[in-house]
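Dropping a structure here in structure tokens format, bear with me for questions.
Here the chain labels run A, B, C and D in written order, and each chain numbers its own residues starting at 1.
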Amino acid sequence: MATEDTYELNIGPQHPSTHGVFRIKVAMNGETIEDLDMIVGYLHRSMEKLSEERTFTQNIPFTDRADYLAAMSNNLGYCLAIEKIADVIPPQRATVLRVIFAELQRIASHAMANGTLVSDAGAWQTPLMYMFREREKILDLFEMTCGARLTTNYMRIGGVAFEPPDEFYAQLNSLLGELPDRVDEYMEMLSENEIFIARTKNVGIITPEDAINASLSGPALRGSGVPWDLRKAEPYCGYEDYDFEIPVGNIGDSYDRFMVRLFEVKESVKIIKQALNILPKGMHKTQIPLALRPEPDQVYFRTEGPRGELGYFVITDGGPAPYRMHIRAPSFINLSLLKKLATGSSLPDAVVTLGSIDIVVGEIDR
Amino acid sequence: MVSLEAYLLVASILFAIGLFIALGKRNLISIVMGIEIMLNAINLVAISFARYGSMFDNQIDALAGHVLVIFILTVAAAEAAIALALCVLVYRHFNTINVSDMTS
Amino acid sequence: MIKKFFSNTLFIKLSIGFATLIFLFAGYFISKLLFDLSVFSEFIFNFFLERFSYNLAYLASSIIGALGIISFVGLVLLIGSWVERRVIARFQIRVGPNRVGPFGLLQPLADAIKLMQKEVLVPDIADKLLFLIPPVAIFLPAILAWGPIPWGPNMSYLDINVGILYVFAVSSLTVPIIFFAGWSSMNHYALLGSMRTVAMMVSYEIPVSLSLLSVALVTGTLNFNEIVMWQSNNSIWLGLFIPFALFTFFFASTAEINRTPNDIAEAESEIVAGYHIEYSGMKAGLFMAVELGNAVLLGALISSLFLNGWFLFGIENLVPPYIIFITKTVFIYLLLIWLRATFPRFRLDQLMNFAWKTLIPASIIHFFVVAIEVSIISNFSEIPYLIVLFTVINISLVVLLAYLWGKIFHVQQYQPEKIQPRFAASIGGLEAMKEVSSID
Amino acid sequence: MIEVNIYNAAFLLFSMITLLSAIGVAVINSLMRSLFLLIISFIGVASLFVLLSADFIAIAQLLIYAGSISILLLFAVMLTPEVSINNQNSKYFLFAALTGILFTYIMFLFISIFDINQLTGLSLDKLNFSNTIDKIGTLLLGKYIIAFELASILLLFALIGAISIVRSNESDFNIVATKIKGKK
């Protein structure tokens, strides 16, 4: 890879801005990246193979560990896939609760993504800490409900595991009241900051054609100006009943991806408010057989996770465990464009681009 | 008070070392370094004569040696820039800056 | 009963009041006693001169003065890192170090002990000699540059006529040291960091020198004491008279000492730690200590060159002047911490462009403007308040130019409403996706 | 016999630093290490200038030699990688050493026959000036103004020349090279 004019540099597996154990082998000419190889697999835990040995319910904790920053969304995607293949219909209350938790998780995940992006651009962790403030409150809500902050394991096939306690709603309402102000605060702090604009504007531009050809999804796709959101395109969990907008970027640079995430937080707040209004009374879970044995079939179910299209492809053979399960990890697919984006750019720009694509290594390696 | 002799001694030894480096090294950059050391020795001589000279009537003339050193510094900076640019150019062409390799 | 009294809030208030009174009285007497520290060094000098030779007296007084400066710098390094971490923690809605000692004050000490216990790793392919020298050698310029700083009247260690040039020359010695640190590590990150440092420092030395040149031009001297005296004689702060020089010096110096927003030499998110990536234990700690010391040194330089040193509207007659000087220094240091806690980092090419295409031409033009003003002032010295007039003109010019610069170059280009995301509904919903052509 | 005082001790120390590090530059085989020693030698010479009460020149030496020319050398070394790291002697080094020793010997002879009594430096003490900067400035912009202007032009040309030499592409170089060969 390295030629006579270049030298080799290993970004990672231990590097502050690869967000985990992810390695990029770069051929550099001075400060310019000439060529790069992405090497994944340092966090591989072979979830997809392991899940063939466990029952459908036992597989839910694995999905927590795939995208460990968006455990709720991953739970949701998996449970919806299994419910579709096993013809389980969750009660209405469970569906609305799922929407609330998935959107809360989206806010938490976007806060983390934007905070680390600003840290990658060189801010000394102050915006990260600010964004952690909201994330902490959301994680508190998770802990109150299901006892865990990060690996929630909350969704079940046919509903959710627990009913949220009474004080949950009060705290959630106060959080929803202050979140739009917080988002405005970040916009004030960063979106008009000269240095931040200089670092992210026109850096790592993804054209809409490239984005679609590389099968990008999530904020990385919408930052390029392509209005594609599975919550609108293929609604699940009754998303068609909620009134919300899809923010899309202008030219597809890192700044646009950052701003799309900030705007999506506001939209998620709107969704949660509506969901709280229509939250019906009733059961939070249906009774399903202890060992669920769906008919031999295959299903691909996709949901809109915080990082994009999160798909679960499950094949069953009539047994209590999936015959084969595959996770379409949005980070992994979004990452595939990094080589094109970073080649020819400088090292700091590549770092910002990587941060704006927002990868989670647990999901890439599974 | 050290006498002028001591300074001249130090300067001449320094000059000799610079001469040895400039003549006896293979590397072009080393040769430039040797020349810089020689210029340093000359500066030392000029300044020590300016300090110990007794033929001056007024203050201005006593500092003529300092002015000489300033000009030497200027020339040294210019010379270093040009010489090192030439080194880089020679390296690009011959892929070496070894003097004895270039003659063959 | 007694126990109840001691837990009474009234008792606590009373004792706090007494303590404050005692503290004020003690502070008054101590400040009277320690008003001019140069008395002590003179006493030592005379003591040795009477009993021993001149040489010994000279040596003793110079060593004592150097020890004074070194102990101050050591104190700064000990408290400074605590201050920095604590203040940045406040910015980041955290508490900061609060476990070791009262308010966590002993945290730097604990850190130092921890760093000393750590193993010093030397890479196998490193140039061992050059690898081991820089962490120690980098202290030399950092300490030496404190020499001509005027702490108060009669209180500068090196009262030399080339003070500004001396500080400038000595601080330029850090460049090769940092380069050798990076090169000898035989690590690509370290090499990148050291080459970045060298390129940055060489570029930003020019604006620094030009701003210092305009200071020398206005005051007509290179001596720190005389610069401070000039400001108090003309009752104007140089930072107000030539605000652009202050800005240039401040910005370029942050680039020279690797502080945010210009800390690209050790950008931790890009090249991890830059030139000191391979250093471990106390050797890395030394590099960080020098960085902190340099930040405080920058504060001292700015407060003596631009903020009138130890003078503060007559307060210098009441409290010891060096206290005022240190207060100003700490103020600048806090400003640096504020910058560090707030801003992201520039990119290397952006900084280089700014230095060569904006800062250096602007500094040269500014230098000419200052030269014209100074010649006018010296030729019409009978007119009063000419300096004040030019101060007003200079400040308004700088503000106007900054406003115009922002107006022309950036705000137009990046108007917030133009670069904000749109909503999908406004561009036709999901149907708009079909307009994206040429899908293979 | 030389008197023991601060001045003499400082002279001994600084001249030892200068000479030993210069010898190190000549002896050590690693170019980077010899560059490091060269910087120390420059600093030693600057310290000797301080002893000779030339404060401005000492600072200028520090700025230009230790701060700038060393950086230029560093850049040159970094732009000519790998092959340039060694600092070995050429086959002429015996000849060079002989030349150096001969030169030193001749200088010894000169110094020994020099009538040193005229040059005591005491008369300069009588001139009694504390500040060399303004005097040097007066000289540079008065008596030596033409030389000063010429020096500035020389610097400018050197700057432009260095840039144009390094930036020139291979074909330009070939022209220059053929001209040089033709002269041979």
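The definition used in the following text is that contacts are C-beta pairs under 8 Å (C-beta built on N, C-alpha and C of every residue); 3 or more make two chains touch, one makes a residue touch a chain.
What you see is a predicted model; the values in this text were computed from it and never measured.
*Asks:* Suppose chain D is absent; how do the other chains partition by contact?
*Replies:* A, C | B
*Asks:* What is the distance in Å between the mean C-alpha positions of chain C and chain D?
*Replies:* Chain C and chain D have C-alpha centres separated by 33 Å.
*Asks:* Using Cα averages as centroids, what's the distance between chain A and chain C in whole Å?
*Replies:* 42
*Asks:* From the C-alpha centre of chain B to that of chain C, how far is it in Å?
*Replies:* Distance between chain centres: 36 Å.
*Asks:* Could you grab the centroid distance between chain A and chain D? Build each centroid from C-alpha atoms only and quote it in angstrom.
*Replies:* Distance between chain centres: 63 Å.
*Asks:* By residue number and range, which residues of chain D touch two or more other chains?
*Replies:* Within chain D, residues 56, 60, 68, 75, 132 contact more than one other chain.
*Asks:* Considering only which chains touch which, how would you classify the arrangement: line, ring, star, complete or other?
*Replies:* Topology of touching chains reads as a line.
*Asks:* Touching pairs of chains, all of them, please.
*Replies:* A-C, B-D, C-D
*Asks:* If we count contacts the way the header does, which residues on chain C are in touch with chain D in the complex?
*Replies:* Spelled out, the residues of chain C in touch with chain D are 55, 58-59, 127, 129-130, 133, 160-162, 165-166, 168-170, 172-173, 175-176, 179-180, 183-184, 195, 198, 202, 222.
*Asks:* Going by the contact rule at the top, pick out the chain D residues touching chain C in the complex.
*Replies:* 5-6, 30, 32-33, 36, 39, 43, 55-56, 59-60, 62-63, 66-68, 70-71, 74-75, 78, 130-133
*Asks:* In their complex, what parts of chain B are in touch with chain D?
*Replies:* Residues 1-10, 12-27, 29-30, 32-33, 36-37, 40, 43-44, 47-56, 58-60, 62-64, 66-67, 69-71, 73-82, 84-89, 91-93, 95-100 of chain B touch chain D in their complex.
*Asks:* Okay, in this complex, where on chain C does chain A touch?
*Replies:* So the residues of chain C touching chain A come out as 88, 91-94, 188-189, 192, 260-261, 263-264, 267-272, 340-350, 410, 414, 416, 419-425, 427-430, 432-433, 436-440.
*Asks:* List the residues on chain D that touch chain B in their complex, please.
*Replies:* Touch residues, chain D against chain B: 2-3, 7-8, 11, 15, 18-19, 22-23, 25-26, 31, 34-35, 38, 41-42, 45, 48-49, 51-54, 56-57, 60-61, 64-65, 68-69, 72-73, 75-77, 79-80, 83-84, 86-97, 99-101, 103-104, 107-108, 111, 114, 116, 118-124, 127, 129, 132, 135-136, 138-140, 143-144, 147, 151-152, 154-155, 157-159, 161-163, 165-166, 168, 170, 173, 177.
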